[in-house]
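What follows is a group of structures, each given as structure tokens.
In what comes next, subunit A is part of two complexes: it sits with subunit B in the first one and with subunit C in the second one.
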Partner chain A sequence: MTQGPSSIEQAGGGRPLPPLARAARTGTRNRAPAGGGKTAYLFLAPYLVLFTVFVAFPAVYGLWVSFHSWDLLLPNKPWVGLGNYRTLLDPGTATGGDFWQSMKATAIFTVFAVPLLVVLPLGVALILNQKFRGRNFFRAVYFAPYVLGVAVIGVLWTLLLDPNIGVVNYYLEKVGAPENIAWTTSLPWAWIALVGVTVWWTLGYNAVIYLAGLQDIPRELYEAAKVDAASRWGRFRHVTLPGLRPVLVFVITITILASANMFGQAWLITGGAPGNETRTAIMFIAQEGLQNFRLGTAAAMSFVLAFFLMLVSLVTFFFFRERRSS
Partner chain B sequence: MTAVATEPRRQGARPRRALLTVLASYLALIALTVVFVAPLVYMASTAFKSNQEATRIEPTWVPREPTTEPFNAILSRSEQTPVFRWFLNSMIAAIGQALLVVATASLAAYALARMEFRGKRVMTALIISTLFVPPIIFLMPTYLILDELRWLDSLLAVTIPGAAGALGVFLLRQFFLSLPKELEEAAVLDGASPFKIFWRVILPLSKPALATLFLLAFLTNWNDFLLPLFVLFSPESLTLPPGLGLLQGSYTTSYEIIMAGAVVATVPALVLFILAQRFVIEGVAATGIKG
Partner chain C sequence: MSEGLPFERRLSRRRLVVTAAGAGAGLLLAGCGGSSAEEATGGGGGDTGGGGGDAGKTYTGPNVQLQFWNGFTGGDGPFMRDMVSQFNSEHQNIDVKMVVQQWGDYYQKVPTAVASGRGPDVGVMHVDTLATNAARNVIVPLDDLASSLQLEQSDFAETIWNAGMYKDQRYGIPLDMHPLGFYYNTAHLEKAGVSEVPMTREAHDEALEKLKAAGFDQPFWQSSTWPAHLMFMSLLWQFGGELYNEDSTEATWNSDAGVQALEWMVNLVKEGYSPKNVANDADYIAFKNEKNSFHWDGIWQTQDLAKTSVPWAVAPLPQIGDQKAAWAGSHNLVIMRQRSADENKLQAAKVFLNWISEHSLEWAKAGQVPARNSVRESEEFKALEHQSTLAEQIDYVKFPPAVPGIGDAQAEMEQAVNRAVLMKQTPKQALDQAASKAKQLLAENQKKYGA
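Now for the complex of A and B:
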């Protein structure tokens, strides 16, 4: 939008400069609009210290650790090269088997949560995009669970989903559902619980992003569609959806990534039960590295998971870009 | 109940159908409101129940015999679960991190948006590209670095690393790029130093953006669960989110006590959200549009 320091040059390019601008131009010869060179590095320094110590260095250090048998409880941390990765990629080994089980759990959760979290918030955003009284109130109410954080959500739903005294079972039994559904310790209920809670928790977040996107679609397009006597569905199909495409891609991408990073809900609500069925990849990595202190294996698992996540993001991105150009 | 218009509506166009749409919309909105509010009401109501009432099969939405006993319990029996201490810890960490984010990100973003220096493009690309790196790869090395710094089990461990994220720099850079350059040019003419321009001209204009970033950073830290769960160990150094996990582990069936803890963790976030609703929601919306 705004260009680099050359914008002054460009602005005056060819045309005679007004006196003030000329003064500004000479004034900026020694000093760019707001300083440069050393000053810039001074401004950047505090953030760069943080960035180096807690982003750039750990990224490399994590890779280094993943090439070692890095057990905090043992004095030696021998180099094993790709050994950790080889173990992981072999589902026959104990660690490899557990890891792929946790990757499967993450995949199951993502496959069920993402469609709901892409479609339902869009519906809510479409309702909220109408002009009516109290619109901001409803928007705030639906967003509210998101500001609470996963720990509150986790303990709250543990209470609500309690098989014996939880309100969910109480009302479900009133309408004829089976008694004492074990939401946290049996399948498929544990998955339904985790997906449902996550939808409840983050629906408002996605809806707010959609709503901003909807408000960016020019009104004239709807007017034109009405002149062409397009039906409500036709307007949605030919105006709303194409206008929303970049936002849609964004929502799909962040929802896939967030779902694949699911941890707190499973940790607090199911604890990975039944068995290890709902133990997600993040949960297994954290336990392996920070409870069993096998950081080398855990670091290697982080990179394998990250590899898959970046692959999925790329596929999403190109899938939608292709569709657009065709 | 009047002004519902589905897009600018032509007057008198099928009024009955329009009325139905209005009714259906309001019904949907109210049903959704119940779904979103009821669990929170139940949390608050349980926090004021006796254990007997909290574990009854028949749920009560308003406590029959309201009591503050659950709060007394978590505030007094405080050796293993010092909830008040967790509250303070959470406050210190969240405010500390939010201030650190606003201070470092605004300086860095200003340099990236407005100054010329060697390696600017590479640095901008490097910082922003980290937004796309799955955060899990940082967990193990961060733990080892915190261990090396002797920060484990201290508030520093949950205050400082999170401030290194690139989102603040990204959002503020976008914002600074949108400000007209003439603002600074006038100040340069007056011979103001770059820092003075930043402090006197840019920051005052950026108050809404800085407030938004502060709020988002505060809430993110306030709710952070994964890192504090594994880098804080002793009961007195926990923040509220891992503390709630500990409460759940220690008082398995005393739901009223766990909910009292949840209420303590909820109230500040919710109050902040209600007071500054527009900033929070527009901040989130902005990450979507610009992302």
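Now for the complex of A and C:
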């Protein structure tokens, strides 16, 4: 770390340096960094190796696969060029039609799950950030479902939500709800069930991140706001929310990506029923690639899905950037 | 979990527990196996020394270890494990290691393991997956084994024996068959005054009415998921239909026979004999809780029901259509392709397959009907009440055709049944739609695997 400033500069990329660093830098101007910057790459190397082996290479290989009719075990893996993509873009074909149906399912789930998973955990975090007896107990309670695996919550809710023999309907009927609501076999109930289960399951995770964000907001800001006679709402609106902005962007982005990758809940609870209405994109990709051994089309689908996810991420990114400059 | 289709995803607490236990055992075994080292030293030039010439009867070569993979995660697992231990104790120079995993995982893992040269030596596959695995070079032909053991059709039920063929070569030695059966609650029938198990459509309708009159409001829960498609196939065949045309280029389940079959199932819901929206084992759970009087399910459930206090019995499927027919699955013993052939292992594998096949009476006790006539006709087998009852169907059981990738098309049919039973579409609509999709998939597969 003797050539500290230059390393910082390397690692920092194009970011404006803080005043102190800038001052230090003036002394080292025009001097070539001693290690030629190799140190930085050395430190980056372990991650870079993992990234290359497990992310970059598979992605490129996947792209290559998507241009073929690919079955791992068949000696003949004919090149089909953009054929797989053409099939997908034609909803008239069996595969294309099913694929867009699964993309629609993913979209429906994401649109309903994300707002709930962004807003509800914030509320929970605000409450859990208060001082009250048993606070740690409740923090644990809200986080608890998240530690369960998807297989566990899937089986659990499959039984609880069963239209005919489930406990949920049993109690709902006691309080006068309509009989035998088809939570797992009909729309829109299946979506309500899947979104509900997912919110119950992953709410704690987002809440913990919010909680950490809330505890990072300086107390003095709240005190200053109080001195200025800001109401509760005012303090939330003008202190808490701006303070949480980076956390919020993070939560929204990962929640969108996680929702778009939803698989286990639908696989276990609805099995895609009715028909294939709740079969999500990832579920269909897995079936196509791992059960039907059509890795070419499955890879092509993954790239189409990835393309859409990049679009959505870009939109989120720009949405929040705009807000910052205004 | 010895159901007939690979990607079944039935869930019940019991099975999950058993599965978890099985997976644990599998891990342990995999840990002790050390197959990779074995493979590296064992293979070599594949010299034929020491193999002992009489393929499949005895093995006199050096000590070998065989990896035996299967998906017997349910009550059937311990039976197979006992058979393997007995085999090991009778054969000092062959050490068989059994590794169990869920069928769904198994059918995904085995091909990959075989492709990377770390596959098992022997395994079990369902009859409707043989063609796919043969076409994908996962398993090897066994014609020489069959002929050297003088295994012949005459000792096997014809349908079962012929189903092990793909492109005129034999890929599987049938071990058993597991047909669909008609489970009923004996106490309910008695209370409703039904003295004989209804075996015809008329008797069946009448029995349902009587059950209803006796206070069993919903006597026949019609599932929209597993095993609804097994019921549909059985009924389709009963009404004289076929799943596919002669060369399997088109799905024909949307024929009149198919529509009649599916309508019969949907009518159970429409007429109130079944609740709506039955899914995920609710029908079976209801049967076990004596809320459901009739239930069609596989022979494998006999083992599970035997542990309950439910007054139950099982009969062959009633004849609803014009002829008798029933869906069945069949476990076949297979030998996996190896990167480098090891004659010793191959010979030992054949001895093992032959031994298991000959001892299939033991296996029958796990809730199966043995494929071998000699075993099926033995007094010991006849003493197994439920198994021998369901074995009566052996002359008219049917399987999906031996076509690579047929599971892709079958999945469409499964969805059609689901849609119809949930009353999202009429039987005709659902079956037509599925048939047209299946036609495309069949064409794609024919191109892929080479017709």
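Brief remarks on what is shown
By definition in this document, the second predicted complex is superposed on the first by the 266 of 326 C-alpha atoms of A that agree within 3 Å, B and C clash if a C-alpha of one lies under 4 Å from a C-alpha of the other, contacts with A are read in each partner's own complex, and residues count from 1 in each chain.
Quick note on the criterion: contacts are C-beta pairs under 8 Å (C-beta built on N, C-alpha and C of every residue); 3 or more make two chains touch, one makes a residue touch a chain.
Quick caveat, the model's predicted, so the values are computed rather than measured.
Touched residues of subunit A, counted separately for subunit B and subunit C, are more numerous for B.
By the touch criterion defined above, A:224 reaches neither subunit B nor subunit C. By the touch criterion defined above, A:94 lies against subunit C but remains apart from subunit B after alignment on the C-alpha atoms of chain A. By the document's definition of touching, of the two partners only subunit B reaches A:298; subunit C does not. By the document's definition of touching, of the two partners only subunit B reaches A:261; subunit C does not. Touch criterion met: A:155 reaches subunit B and subunit C at once. Of the two partner chains placed by superposition, subunit B and subunit C are both touched by A:164.
Once chain A of one complex is fitted onto chain A of the other, the partner contacts of A:276 are limited to subunit C, with no touch recorded for subunit B. Of the two partner chains placed around the shared chain by superposition, subunit B is the only one that A:54 touches, whereas subunit C remains out of contact.
Contacts of A:185 after superposition: subunit C is touched, whereas subunit B is not reached. Shared interface residues of subunit A (contacting subunit B in one complex, subunit C in the other): 151, 155, 158-159, 162, 164-165, 267-268, 290-291.
Interface residues of subunit A, counted against subunit C in their complex, comprise 69, 71-75, 93-95, 97-98, 151, 155, 158-159, 162-165, 180, 182, 184-186, 267-268, 271-276, 287, 290-294. Partner subunit A is touched in their complex by these residues of subunit B: 1-8, 10, 22, 25-26, 28-29, 32-33, 35-37, 39-40, 42-43, 46, 55-59, 100, 103-105, 107-108, 110-118, 120, 123, 126-127, 130, 132-145, 160-161, 163-166, 169, 177-179, 181, 184-185, 188-189, 193-195, 197-198, 219, 222-226, 229-230, 240-242, 244-245, 247-248, 255, 258-259, 261-262, 265-266, 269-270, 272-274, 277, 280-281, 284-289, 291. Residues of subunit A touching subunit B in their complex: 1-2, 4-5, 7-8, 20, 23-24, 27-28, 31-37, 39-41, 43-44, 46-48, 50-51, 53-59, 61-62, 65, 124, 127, 130-133, 136, 138-145, 147-152, 154-160, 162, 164-165, 167, 170, 200, 204-205, 208-209, 211-213, 216, 219, 222-223, 226, 247, 250-251, 254, 257, 261, 263-264, 267-268, 282, 285-286, 289-291, 295, 298-299, 302-303, 305-306, 309-310, 313.
By the touch rule above, subunit C contacts subunit A in their complex via residues 7, 9, 11, 13, 16, 107-108, 111-112, 114-115, 135-138, 221, 224-225, 275-280, 282, 285-286, 289, 291, 405, 407-408, 411-412, 415, 418-419, 422, 424-425, 430, 436-438, 440-441, 444, 448-449.
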